[in-house]
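Some structures to go through are shown next.
Here chain A shows up in two complexes: once beside chain B, once beside chain C.
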Partner chain A sequence: MSESSTTSDPLRGGDASVTPAVVREQLLRDYPAKTKKKREKQIVINDKQRDEDGSLQLPVVAANTRTVPGIITQRGCCYAGCKGVILGPTRDIVNIVHGPIGCSFYSWLTRRNQTHTPTDEHDNFMTYCFSTDMIEENIIFGGEKRLRQAIQEAYDLFHPKAIAVFSTCPVGLIGDDVHQVSAEMKKQLGINVFAFSCEGYKGVSQSAGHHIANNQIFKHVIGEDDTTRSQWSINLLGEYNIGGDAFVIEDLLERCGIELVSTFSGNSTYDQFANAHMARLNAVMCHRSINYVADMIEKKYGTPWIKVNFIGANATAKSLRKIAEYFDDRRLTENVERVIGEEFPAVVQAQRKYRPRCSGKRAVLFVGGSRAHHYQELFRELGMETIAAGYEFAHRDDYEGRRVLPSIKIDADSRNIEELRVDADQEKFRESDRQKGIAREKQGYTLREYDGMMAEMKDQTLIIDDISHSEAERLIRMVRPDVFCAGIKEKYSVQKMGVPCKQLHSYDYGGPYAGFAGAINFYEEIDRMVNARIWSRVQPPWENGSPAAESKSPLPASMAESEENTN
Partner chain B sequence: MTTRTANPVSGPFVATRNACKLCTPLGACLAFAGVEGARTILHGSQGCATYIRRYMISHFKEPVDIASSNFSESATIFGGRDNLQDGLANVTRQYQPAVIGIATTCLAETIGEDVGMYLHEIRSQASPDGPALPPVVHVGTPSYCGTHAEGYLATVHALVSQLAEDGSQRDHINVFPNMFSPADLRYLKEIGADFGLPVTLLPDYSDTLDGPTWEEYQLIPQGGTPLAAVRRTGQARSSIEFTWVHGEKASAGQWLEEHFGVRNHRLPVPIGLRASDALFDVLGSICDRETPARHAAERGRLIDSLIDGHKYLFERRAVVFGEEDLVAGIVGLLGELGVHPVLCASGGDTGRLRSAIARLVPDQADRIQVRQATDFADLEELAGDLKPDILIGNSKGYWLSRRLKAPLVRIGFPIHDRVGGARLLHVGYRGAQQLADRIVNTLLESLQEQSDEGYSYL
Partner chain C sequence: MTLLRHTRGGEITERQALTINPAKTCQPVGAMYAALGIHRCLPHSHGSQGCCSYHRSTLSRHYKEPVMAATSSFTEGSSVFGGQANLLQAINNIFTVYQPDVIAVHTTCLSETIGDDIPQIAEKAAEKDLIPAGKSVIHASTPSYVGAAPTGFANMTAGMVKYFSESTSPNKIGGRVNVIPGWVEPADMREIKRIVAAMGLESIVFPDTSDVLDCPQTGVHEMFPKGGVTVDRLRAAGDSAVTIALGPVCSEPAAIELTNQCGVPHATLPLPIGLEATDRFILELRKYNGGVVPREITDERGRLIDLITDMHQYFYNKTAALWGDPDQLVSLSEMLLTVDILPKYVVTGTPGKKFLRRMGDVLQDRKSEVQVRQGAGADLFLLHQWIKNEKVDLLIGNTYGKYIRRDEGIPLVRHGFPILDRVGHQFFPTVGYRGAIRLLEQVLEALMQRQDDECSEERFELTM
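Now for the complex of A and B:
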């Protein structure tokens, strides 16, 4: 039976004709048969059913499948995921892009990753954009010589700890052996040099690039430094320090007395990665981009992992408690409760202020591989409802939960992405950590668990994977959301329809939104967006009357509008 | 965020560090965005479309929708014909475009895709029941050849050479702008109208990339050069194009002159008094009219503002960077303002920037350092010793500005750390006057900030 017994329309209050089925049909309307057949499996109504034993059954979302040509997608490429997302926020590795100039230029600090060096003397190469800038001659005769020279130049200029090389489309096609060149240069220069075969055409989205990046970091960096870490030490996996999120989380952890060994990869350094295997617990933030690293570290070194989320005040409190609960120490639990106690009054005060202004408004989120899920927490805290959501590059487990992992079919695109075979390290595996995980599980503690986005969304909401530009436009017309969360590519077309668009990739030049302070920031920002007067000046496509007429009204009258009218 | 400075190692460098150029398909997307009802497909990996959209959108702050043929790994082996066919069908069904522009990426070019042949095959095999494919213009834009400026010009050339039709001469003129701002394009149309000249501006993204709010949602933003007008470029009385650095092979105007006898006027980018005079003179000679009174008045105001600004700017030292034509144009204006452009640089490599500068400011040419095929790291090394008072170029000069503690006047592409990049006017008398004011004011603001005394009169 359906989990929800109500038949009211969750997509657009008050209009019974806008049912999820109708919206879905309209989104699919104009596609040629072949395209429609594919998109039907990616546009799904969240029909939540309970089995007789009470377990939740969710519909299948055909995620992580190739985008149809000619559909204007939100997705980027493998290279973007590898160089832009994963290695972008690490400050002391010199990243050299092997290819023509565009790819390097476009990933040049574009994601607003931030970093803090302890002093000005410390390495930070994030503002640099290195490229071999291949020319036609290199495409014809090969570019290995040019790459070798570029690595030498980067070394001469900076004497960095490590140099990473990223392949772009033509490199894979002309057969430059970036790994061989890197290995030679590593030997010659005496620093770590490694390469990523992250050509843009690999896989179906950025997700392939995340995997390639993480595999190489796992192979070439993690495990290099065995410095012992404290009993309450963790890695934060899948946090990329957009708008300063990592700084907020670092501060919270420090005040709780939890040692952060490394973050993958917000505000990170090479040395932190090298030492990551010595942390006692892995906390996974963005499940999509990095859950396999948590698995690999566990297999090789014995470190158990949990899923956390620092987006949302409640989620932050819950995550801190979950970490403390794992270590199961009274002092740590007290620390965590004290910090939550210090932070929460301001959160409650902010919620009191902003909830009445935002409550009942509706959001849709189409972004990332975790963000479309995590940010629903913040909207919930504002009393706002998420009526439709989808990821840009996630897989089925991010929608339906990890329990579907065994049933995910490997297609040709996924098969091309290397799966590392990992065994326990004879010397470095920590049996004590493994045993601790087992003991905690016996006491009812959940490790390695992620239920996905759909379980937390309401019944009969709409799930759209890899939403296309024209689908987004139709969705807005039909469901009329109060805020649309996506990225800069969507921002201005959404706003042309009179709907504010919150960028959840780069935060509209704002942030941080993580932790308690970040949550308050986000409430303020959403209030500013959904209650801004400017939207009354734009005629949404579903209104032909008042707002446009109003926008032509003389200034004094419009300035006299009461606050209530615009809210 | 602090950043590491490099060890003192001298070049020349093979690697490009902090590029001062973008890739060719971006220029193609910009040009196609100025054709009415056009949808662009990039033939290659989807990431190219995404990255280019991202950069264009952050500059123009408008919707920019570019499709991709989404190569898979197998398409790189067996060719992307099927992907292109699907892409064309999907774009046609969803958007009913008046024209589709296809630009290749380095992936497609590396494996030697023959888009022309594919199009021929796709058209000849099209099912009569399906939606008819609109006219398709294709351009080869491998990013390992040239920069975004070359991609832009090649696309204008492709539009004209693939669509223009012969016929008896009509009244209008063709204007082929360079990578101007939407505000510049609007102003060029205004100037043409004031001369009483019908103007076909190609491309014209003045509305598509700087539109108002919409009363109704537009699948493809309104505006742009109509397809019929592109076809009629072959029947114009003459053409005007603005480039002194790009060769005639890439010239749409030259192509029309050779094929349809449309006389081509090759002018420098009209930034500054003399370069604008050249434009007004040509317009006047085409229609045998004096410069209209209000433009003559604007010319007067420009001279007046040059005089006003001169006392602050005389012998101030400027570093100028960006597209070669833009740099040359700005140097022309700086010469008129009395500014000494100590260093002029571009990531572009036409080999003609120096000669263009020498033609524009012959008396200054020997004291201007000109660097082509350069990057911001080179620029930083050179500019440090030159002690510039002001930098003029795009947003990527921010780090240079920060390190040299010299203010940056933002102009060109991309401008992603300020709003209004689409509305910066810099061509013609009015544009020169506004740009001159911006240069003076940026310097004054910086002087005021650095002043210990805090004078409000400078």
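Now for the complex of A and C:
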């Protein structure tokens, strides 16, 4: 049986002919047969059914599969996920891109990861772009010599703690051994040097790069520094400090008395990664990009992990409480409740102001690997409904929940990405933490659980994975959402259609949107976007259908009056 | 706190292998930009998804406009077996779903290293009936490890000639000139068309991104906006009297192609940025219109001269640091020298034989006061090191200069690609006399604002 009674709710307010099935059919209509067959599995109606035992049954989304060439995708590449997303936000590693100039150039400061260094004496290489700038000769004769030299020059100029090397497409083809060169230079320079085989063609999207980045950071950095951390210490995994989100969360945690050992990787440093295994709990924000690290740390060091979400005021409160609940200490619980109590009045006040202006409006979100889910929280708090959503590079578990993990098939594209074999570390494994996790679970606490996007979305909404431009355009024409959330490539085509587009990669150079303060920022931002006067002024007053065309006098009322008076 | 805190002056050691803060990017983005200047064309990146994504993102950020382009979405399999299957499927999807008139394929470092043969794949697509009647697939070879963005632009522009231009008669059409505007803004292309029309000539300008990347907000997204040079006009370029190539790096290869393929003679001029370069452009056009220069143009020149004479004291003896693409840098340097600003430091990452010689021609007797660097190691890190050792009064270049601006307190005039943090470049031309007025007005604003900000209170001037 269907979960809710909203089945017949049209996607388009008031127009009963625009049903999810009709929209889906239109999105698929003009594709060549082979393309259609593929896209059919990635455009699904969120038909939520309950089993006899009450468990939720969701349709399958063929996520994390190849993009059909030529459809105009949102997706980027493996390199972008590895260098741009995961390693980009760490300020004190010199990241050298081994390849022709473009890959390094395009990932130079473009993701808006903010970082805060206490003084000028602290390293910050994020404003720099390093490349071996390979030319034809290096492609023909190999680029290892050039890479070695580049590492040496970077060391001589900057004396960093660590140097990371990123392979681009041609490097994989010509067979430069970036790992061997890095190992040699590590020995020679006496600093950590490690490499990522993150050639752009690996996997099917940025997601492959996240996995590769996680593997190498786990292998080469985590576990290097055994400094003990407090009983309420956590790592925040999968928070990249776009627009200062991490700063907001850092502040909240500090005020609660929760020690943040490391963030992967917003506002992070090498030393934090090295010490990350000493935290007592891992809190995973972006499940897609980083759940690998959480799993590997748990296996090797015993640290349990939980899923959190600091996007949305309610979600933030819930996440803070969840952390406190894990540590199960009255003082911590009191701290958390005090902080929530301090923050919430402003949130409620803002909701009172913005809800009436936004309530009933409709949003669609096509972005990332967790944002399209997390941001639905904020829209809900504004009284707005999400009628369609999808990820750019997520996997089935991010849609349908982790319980589908065992049924995900390994295909040719995922097989190419190394799956690290991780065993418990004989010396560093903390059995006490493992036992604590087990004990908490026995008391009904849920660890390593993520139900995915679809369980939280309404029945009969549309789920579109790796949306193409033509699908986005048709969707907008049919359902006319009030706001469309995506990225820079979609931003201006959506807005040309008269619909405001909120970038949820770069936040349109605004933010922060995390935590309580961030939620308030977001409410204000969405109010600005959906109620901006300019959208009602697009049609010239002399064209049919615009209100001004119907009016007799072009003058404003006050002037028209004075004209009458003088007559 | 400083943004580029690790950049220091003092003795500068030459780097052999490491580029830091490049003054260039790779070829394909130039090819994509050029292809957008064909009417009803969808650029296509034959490589991994990231290339296309990065180029679209950068162009979108620069223009605040939709940038439509497709990709072959290579996987590891295509990297081993070649990208033919991907490109065939892409061609089928694109013509079926998006229905452009032209698909302009450019290659990447990946597909070039593999050795994919695009014309052969396009032939295969035709055999398989994937290219509808009257539609075309063209291509340019743009490996990222050769040249830089401007050469990618040049290669795609030459590709337009190769694929489309035809000579239908040995008698060329007098009064019709082809103008290849080089990598300039949509507003510049519009201005070039206006100037040629004001000179009483018919023009075929290609590529032409005006009305493609500066479209009005109408509530409707046009997948293929009204602008861009049509295939018919590209065809007809083979019958024009002459081709004027503006900028040797970006435009000359296509002009040479037209000469060889269709017998259209060509003249290569510097980009018409600044007084002298615009003079040369007008003098060249004057050869084909019977020798007249309309009053309108002469007046525009006069207004420019008037601005320079009126405000010369604020330009005089100032120094500037410039970075960007060779065609721009040569003309900008000349413009600065005309107003007595010394282009003290000039760097470009784009390789090419003639740049240093052309800079020498422009600098003449002031060569010894100027540092010019090109190719490997010519990057913003080096430029900043020079500035640390001896300051300049003005920075002219793309948005990445804002980090130097903030650290050193030197005003920045944004020019070139990409400009990610301001608008204006897409609307207001910098070519021609009117463009020079706009550019010099920006230079003055930067220099005079700085004087207002930094002078002592007693020297604060009401009238300047």
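By our rule, the second predicted complex is superposed on the first by the 534 of 567 C-alpha atoms of A that agree within 3 Å, B and C clash if a C-alpha of one lies under 4 Å from a C-alpha of the other, contacts with A are read in each partner's own complex, and residues count from 1 in each chain.
The rule we apply is simple: a residue touches a chain if its C-beta (ideal position, glycine included) is under 8 Å from a C-beta of that chain, and two chains touch if they have at least 3 such contacts.
Only a predicted model underlies this, so the values are computations on that prediction, with no experimental measurement involved.
Enquirer: State whether A:Tyr79 touches chain B only (first), chain C only (second), both chains, or neither.
Expert: So A:Tyr79 meets both chain B and chain C here.
Enquirer: Which partner chains sit in contact with A:Lys496 here, chain B, chain C, both or neither? Use first/second/both/neither.
Expert: Once the two structures are laid over each other on A, A:Lys496 reaches both partners.
Enquirer: Looking at the overlay, what does A:Gln216 touch: chain B (first), chain C (second), both, or neither?
Expert: A:Gln216 sits against neither chain B nor chain C.
Enquirer: Per the contact definition in the header, classify A:Asn192: touching chain B only (first), chain C only (second), both, or neither.
Expert: A:Asn192 contacts neither chain B nor chain C.
Enquirer: When the two structures are overlaid on chain A, which partner does A:Thr90 contact: first (chain B), second (chain C), both, or neither?
Expert: neither
Enquirer: Give me the intersection of chain A's contacts with chain B and its contacts with chain C, in residue numbers.
Expert: Of chain A, residues 30-32, 34-35, 66-80, 96, 99-108, 110, 117, 120, 123-125, 127-136, 138-139, 146, 149-150, 153-154, 156-158, 168-170, 172-174, 200-202, 412-413, 416, 469-470, 473, 488-489, 491-493, 496-498, 538-539 contact chain B in one complex and chain C in the other.
Enquirer: Taking the complex as given, what residues does chain A use to touch chain B?
Expert: On the chain A side, the touching residues are 30-32, 34-35, 66-80, 96, 99-108, 110, 114-117, 120, 122-136, 138-139, 146, 149-150, 153-154, 156-159, 168-170, 172-174, 200-202, 412-413, 416, 469-470, 473, 477, 488-489, 491-493, 496-498, 537-539, 541, 548.
Enquirer: Write out the stretch or stretches of chain A touching chain C in their complex.
Expert: That would be residues 30-32, 34-35, 66-80, 96, 99-110, 117, 119-120, 123-125, 127-136, 138-139, 146-147, 149-150, 153-154, 156-158, 168-170, 172-174, 199-205, 412-413, 416, 468-470, 473, 487-489, 491-498, 538-539 of chain A.
Enquirer: So in the complex, the part of chain B that touches chain A is made up of which residues?
Expert: 1-4, 6-7, 9, 13-19, 21-26, 41, 44-55, 57-58, 61-76, 83-84, 86-91, 93-95, 105-107, 110-111, 130, 142-145, 147, 211, 213-219, 347, 377, 396, 399
Enquirer: Quick check: in the complex, which residue numbers of chain C touch chain A?
Expert: 1-6, 13, 15-22, 24-26, 28-29, 44, 47-51, 53-58, 60-61, 64-79, 86-87, 89-94, 96-98, 108-110, 113-114, 143-146, 148, 215, 217-223, 349, 376, 381, 400, 403, 420
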